[in-house]
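Here come two complexes built around subunit A, the first alongside subunit B, the second alongside subunit C.
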Partner chain A sequence: MTKFTRRKTLGLSAAAIAAMAMAEKAQAQASAIPVADATAPNLPIERGATLRMLRPVRFVQPDEDTFRANCARFTQQTGVEVRVDFVGWEDITQQTAVTANTGAGPDLIIGFNESPHVYVDKLVELTDVAEYIGKRYGGWLALAQKYGKRHGTNNWIGLPFGASGGPLVWRKSAVNAVGFERPPEDHAGYLDLCRKLKQAGKPAGFALGNAVGDGNGFANWVVWSHNGFLVNEDGSVGVNSRETVAALTYLKDLYATFIPGTLSWGDVSNNRAYASNECWLTANGVSLYFALKNDPATRAIAEDSEHMLLPKGLASSSPMAGLTLNAMVFKHSRFPNASKALLQFLLEREQYDPWLQANLGYWAQPLEAYGQSAVWNSDPKVSIFRDTMKNPYWIGYKGPISEASAQANAEYIMVQMCASVASGQATPEQAAREAERRAQRIFRRR
Partner chain B sequence: MSATTAADWLKTRRDPSWIARLFDYKPLLIVLCLLPAVGLLMTFLTYPLGLGIFLAFTDTTIGRRGVWVGLENFEYLLSDPLWWNAVFYSVFYTAVATVLKFGLGLWLALLLNQHLPFKSLLRAIILLPWIVPTVLSAIAFWWIYDPQFSIISYVFVEVLGWRTTNIDFIGSAWPARWSLIAANVWRGIPFVAISLLAGLQTISPSLYEAALLDGSSAWQRFRFITFPMLLPILAIVMTFSIIFTFSDFQLVYAITRGGPVNSTHLLATLAFQRGIPGGQLGEGAAIAVSMIPFLVFATLFSYFALARRKWQQGEGND
Partner chain C sequence: MTDAAATAGSSAAANAASAQPEHMAWDSRARRMVMLWLPLACFVLILLFPFYWMTVTAFKPDAELYDFRAHNPFWISSPTLNHIHKLLFETAYPKWLMTTMLVAVCSTFLSLLSSTLAAYAIQRLRFKGSQYVGLAIYLAYLVPPSIQFIPLAAMVHQLGLFDTPFALILTYPTFLIPFCTWLLIGYFKSIPYELEECALIDGATRLQILRQITLPLAVPGLISAGIFSFTLSWNEFIYALAFIQSSENKTVPVAILTELVTGDVYQWGALMAGSLLGSLPVAIFYSFFVDYYVSSMTGAVKE
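Moving on to the complex of A and B:
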């Protein structure tokens, strides 16, 4: 059992007061978010409603505190009790599956990416809330529209709550020392930079192992930045293309400049190599920067680090797909109006902006107006994450979001296509054909 | 007085109540006594196994009930190079690791069977790799094989100066395969060594004495006494070892996740990859079911190849 000493209790209450003060400040700042006039949908809350919600666990403690405080305020204003359970990231997909299939359990879940698209016939449509919130806060951003709306329609089945991206992280000193102001946007210049970094003994490194986040992020960039893609718009497999082969040919040259061993890199490998001065250019979420900044031993690395969106290459915008929080309300809920009202409440500026600020930039907003949030001025090195959801790329680009696109991601189709070329096991043509074969199985019509 | 006593004596035994009769009824008693055991087996063994086999014939995914597709999953697997690759590596991994584990384990058991100082302490230490949870030792090996922070690379590059670059343990196919086998052997030796040591200690010293009197060499004593007397336990231990190795999951999943480019997938890791992260429960179950013939074959082989002596089956030894 925890022992409470007077000193500890004092410390605790001081921390609580500080947190409350911060929350108040954040709420005051929330009024800086511009709003447009819009009429909220009429959602008469059912009598005796209570809600249960699942969401992924926090990145940082204030995330959870603020989220709970927001829900508590909803209870205060409407009398609806809200219970929020925080679930491990690996488990939330399975728990969503069980909830959808058994028709029991939580009323609403904030899941990841494709979940609402997989369980679409088990969900309550959220178009009224989405249209109101979109109108009020300057419109939904590109990625939010893609993940929120049912493919090819204007019907909202999910409400995106934010996304987390993985742009380039690079050491300013190393990049400048080899004669570049910042990493170039074109393929040839970027390859030149990586070659020079290698010569200088400060190589770049990107995961090519079975790493769900980093591996897919890099492999998708290689292909997308050459205008290749895994799936056509109609959901048929389109990976075996001239563009993909060109991308893989380019990768062969690029891989030669990497730090050795990236074929076996997992999701944490690049963080470790970057933090120990072994790797000087990589791609990662903002967590790497904060980890470096908060550790006195590595603060110098954080100060020397810069973020930049992934190079565009031949694409018209930076090819990066953010991991997206996507909220859904289940038909089995006895209180659909209360559920919708809660989501709407959480997306209003009085609640959403303090939450966004509490997350320090780990999650980026799905709505245009929250680009004005104070969080994006808190640290200039974090501000590029602001536009994470403006990217028009998603997992399974450019097909419909589905179970299959999620499976292709989880089975590393793109990563292994790239890795087999990088390791010399396959020619670009062979690798593209093998990826096509595997993808055809995954995207077959059922 | 005597009348009442006589009456007591004459009093016929009351018929047992229906409940007592019911419980005296043998077939019912058998059913009742077996019920808990059968229930447990059905719940925790037969049902999951049956469900797994059933799923293998459907296209169930996480999130959607499947329909019966017959042998479609298996037909696809037969045409899938990744499955063949996993079959190859599972067999290779099991064969090489088993040979090494038994060679080294037997050697270790023979050494431990000698009279050494601190014998019991040594035996306890030998067991350590087996006691440590596999995931922990797998993570330790993951660090040992790390491309940047491997201690072995560190020793060779920084301390001894024999190499200028780090060793690439798990970055290409064959080194990764051998590295995983080494980790598995390290973990499996204690089980073999301790089991064989137990077997060695059941061999009667009088056999060795008799052989010594006949002027046998050390090799002859091993070849004609130790080895044949050890065969029955060898068969059992080998069966277990093959099953554990063939269905290994944790080491491979924690160290390489089947990479680089699927070269180190065992059937178990491939089944998990397809079934849980990939969401194709039906296909994952089909891969798991495809392990059964291999395991049955390995078990039968151990039994019939190593344990075929009559006296092991309870008959006389002629």
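Moving on to the complex of A and C:
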């Protein structure tokens, strides 16, 4: 039995009061989010409905707390019990596969990126909710539309909840010391910066291993910033192009300036190298900044760190595809209306804005109006993440999002093409040909 | 001549009494060092290094963990219990440990029971095609779990076991039984059949023979199969990931990843503390039965 002492009770009360005060403040700020008039879809909730949801594990504790509090409020208002389970990021794909293929388990899953497109025939269409929410909150942003709608239609199969970008993270002192105000946007200038950093003993480092976020992010940037791409708009393979070869030739020079070992880097490797002053320029989500800021031993590094969108190179905007949370409702659910009502409820400003704020900028909104959220004024170093979902790039750019694009990404075709050139295993031409061969196997089948 | 022979004989006897164990010409100290102790030391070092690394990381503060240039990676300057505290008091680790133990013990018991009966039948009853049945059981072991988990999930759901420990208790034997059966077939083969013939002549039934003669002789084999089963169940990942979705029902290997890896931030200290504590029950279990385990490698009964 839990024994409550006066000290403990006072402590708990203080924590509860602080949490309530924060929630009230967030609620008050939520009312500043502009809304337009729109008629909510009629979703009569099924009798005796209870819901089960899976979502990726939190970045920070307030993420989970606010999400659970929002679900509890839904229960309070509708009487529908909601159970939320949190799953590791690497593991949610398998859980989704089991759920979709067995028709068992949760009613809703918030997965990543293209998940709804892989299981499209197992999902309930969410167009009514998406149209209502889009109309009410200033419209869905580009990346949200891409991941939410079925290719070539206006049918929504997923409801994006936010995305996490991976811009450049760099040490201001090091970049300034080698004669640059900030990393340049052009390829030649950027290469020059990396060379000078290497000469100064403060090298750059980007993942070239099979890293879900960082590896794909860097390989895609190399190719996209040279206007190359994996697939054409019609879904035919287009990776073996002059642009890709130019990108890989550039990578060969760039790789020579990196810290040793990046060929085997996973998602966590650059975090460690950056935190231990081994690497001074990398690309990462905001998690790295907060991890440094929250640890007194590394706070000085956080203060010296800046964020900047990935250099544009030859592209017209910074080539980056944010890791997107994408919610889906399964046909096997006995309570599809309740599921849709829950998603709609969670995306309304009274719930969504406090959640966005609780995430401190880890996730960026999918809807235009939430760009006004107070979270983007909380820390100037975080505000760069605000427009993550306005980016016109996605995983599988510039073809349709499909099971094939998901497989090509899961097989790290772009990453391995880059790694084979960086390691000297293949020439740029050979690597592009090999990537084309692998991609054709995948895209021809679908 | 006689005197000389007698003297030689007595000195030989005296030498024999005080003789050191005879060393072969090739068996020098240097040779033993190179051929025995050095490889053994390398072997032990390689085997124990992961445990050492887990232990060191579990007690290292984060600042030391991330900066190998300022801190010795192989040692701890200022040890901390923060990671252990976080693991034990801020997560449901004790509950995960109990679930894992329950699943491992039950699935091991079920597997041993089934595979003992199967192995005895295949090895001793000699029915038509018994050899092929043995082979087929082993082939079943070769089917990778990554292919099986979706069809098994459908069955688990139809049986209403989804998200319960029974989902794991009943599916782990799919890979444990073939392995144990194959192991025990080999072991039963090494027990002389004459012992059973004597019992048959005395009027014992097959089950009596199994219980009173074969199984007591096969204890080292059973323990060996038990240790393998327990370890495989304890460390299993993919079924535990696929069939259990509630946080509180998860097993240690899956749960520590869910709770202690948030995005691309790995809480290495707590993760290593979780792995270290998680590997202790297996190590303790193993240490109790190591003699039996070794003897099972050398056969059952010496004829």
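In this text, the second predicted complex is superposed on the first by the 433 of 446 C-alpha atoms of A that agree within 3 Å, B and C clash if a C-alpha of one lies under 4 Å from a C-alpha of the other, contacts with A are read in each partner's own complex, and residues count from 1 in each chain.
Heads up, the rule we're going with is that a contact is a pair of C-beta atoms (placed from the backbone, for glycine too) under 8 Å apart; a residue touches a chain by one contact, two chains touch by 3 or more.
Note that the structure is predicted; figures quoted are calculated from it, not measured.
A.B. asks: Answer with clash or fit: subunit B and subunit C placed together on subunit A by superposition.
C.D. replies: On the superposed model, which is not a single observed complex, subunit B and subunit C clash.
A.B. asks: Just subunit B (first), just subunit C (second), both, or neither: which does A:N101 touch?
C.D. replies: both
A.B. asks: Looking at A:M414, would you say it contacts subunit B, subunit C, both, or neither? Reply first, second, both or neither.
C.D. replies: neither
A.B. asks: Tell me the contact category for A:Q425 with respect to subunit B and subunit C: first, second, both or neither.
C.D. replies: After superposition on chain A, A:Q425 lies in contact with subunit B alone.
A.B. asks: Figure out whether A:E278 sits in contact with subunit B (first) or subunit C (second), or with both, or with neither.
C.D. replies: both
A.B. asks: Contact-wise, after the overlay, does A:W265 reach subunit B, subunit C, both or neither (first, second, both, neither)?
C.D. replies: First partner only.
A.B. asks: Is A:L51 touching the first partner subunit B, the second partner subunit C, both, or neither of them?
C.D. replies: Neither: A:L51 stays clear of subunit B and subunit C.
A.B. asks: On the A-aligned overlay, A:A406 touches which partner chain: subunit B = first, subunit C = second, or both, or neither?
C.D. replies: Only subunit B is touched by A:A406; subunit C is not.
A.B. asks: On the A-aligned overlay, A:C194 touches which partner chain: subunit B = first, subunit C = second, or both, or neither?
C.D. replies: Neither subunit B nor subunit C is touched by A:C194.
A.B. asks: Report for A:D91: first if it touches subunit B alone, second if subunit C alone, otherwise both or neither.
C.D. replies: Second partner only.
A.B. asks: Please write out, lowest number first, the residues of subunit A touched by both subunit B and subunit C across the two complexes.
C.D. replies: 94, 97, 101, 272, 276, 278.
A.B. asks: Which residues, counting only subunit A, touch subunit B once they are in their complex?
C.D. replies: Contacts found on subunit A: 93-94, 96-97, 100-101, 118-119, 208-210, 212, 259-266, 269, 272-273, 276, 278, 403, 406-407, 410-411, 416, 419-420, 423, 425, 434, 438, 441, 446.
A.B. asks: For subunit C, which residues are in contact with subunit A within the complex?
C.D. replies: 61-63, 66-69, 149-150, 153-154, 157, 162-163, 238, 241-243, 245-247, 254, 257-259, 261-266
A.B. asks: Can you tell me which positions in subunit B touch subunit A when the two form their complex?
C.D. replies: 59, 61-65, 76, 81-82, 145-149, 165-166, 168-173, 176, 256-262, 273-274, 276-280
A.B. asks: Inside the complex, what are the residues of subunit A that reach subunit C?
C.D. replies: Of all residues in subunit A, those touching subunit C are 54, 57-60, 85-91, 94-95, 97-98, 101-106, 164, 213-214, 267-268, 271-272, 275-278, 284-285, 287-288, 291, 295, 297-298, 362.
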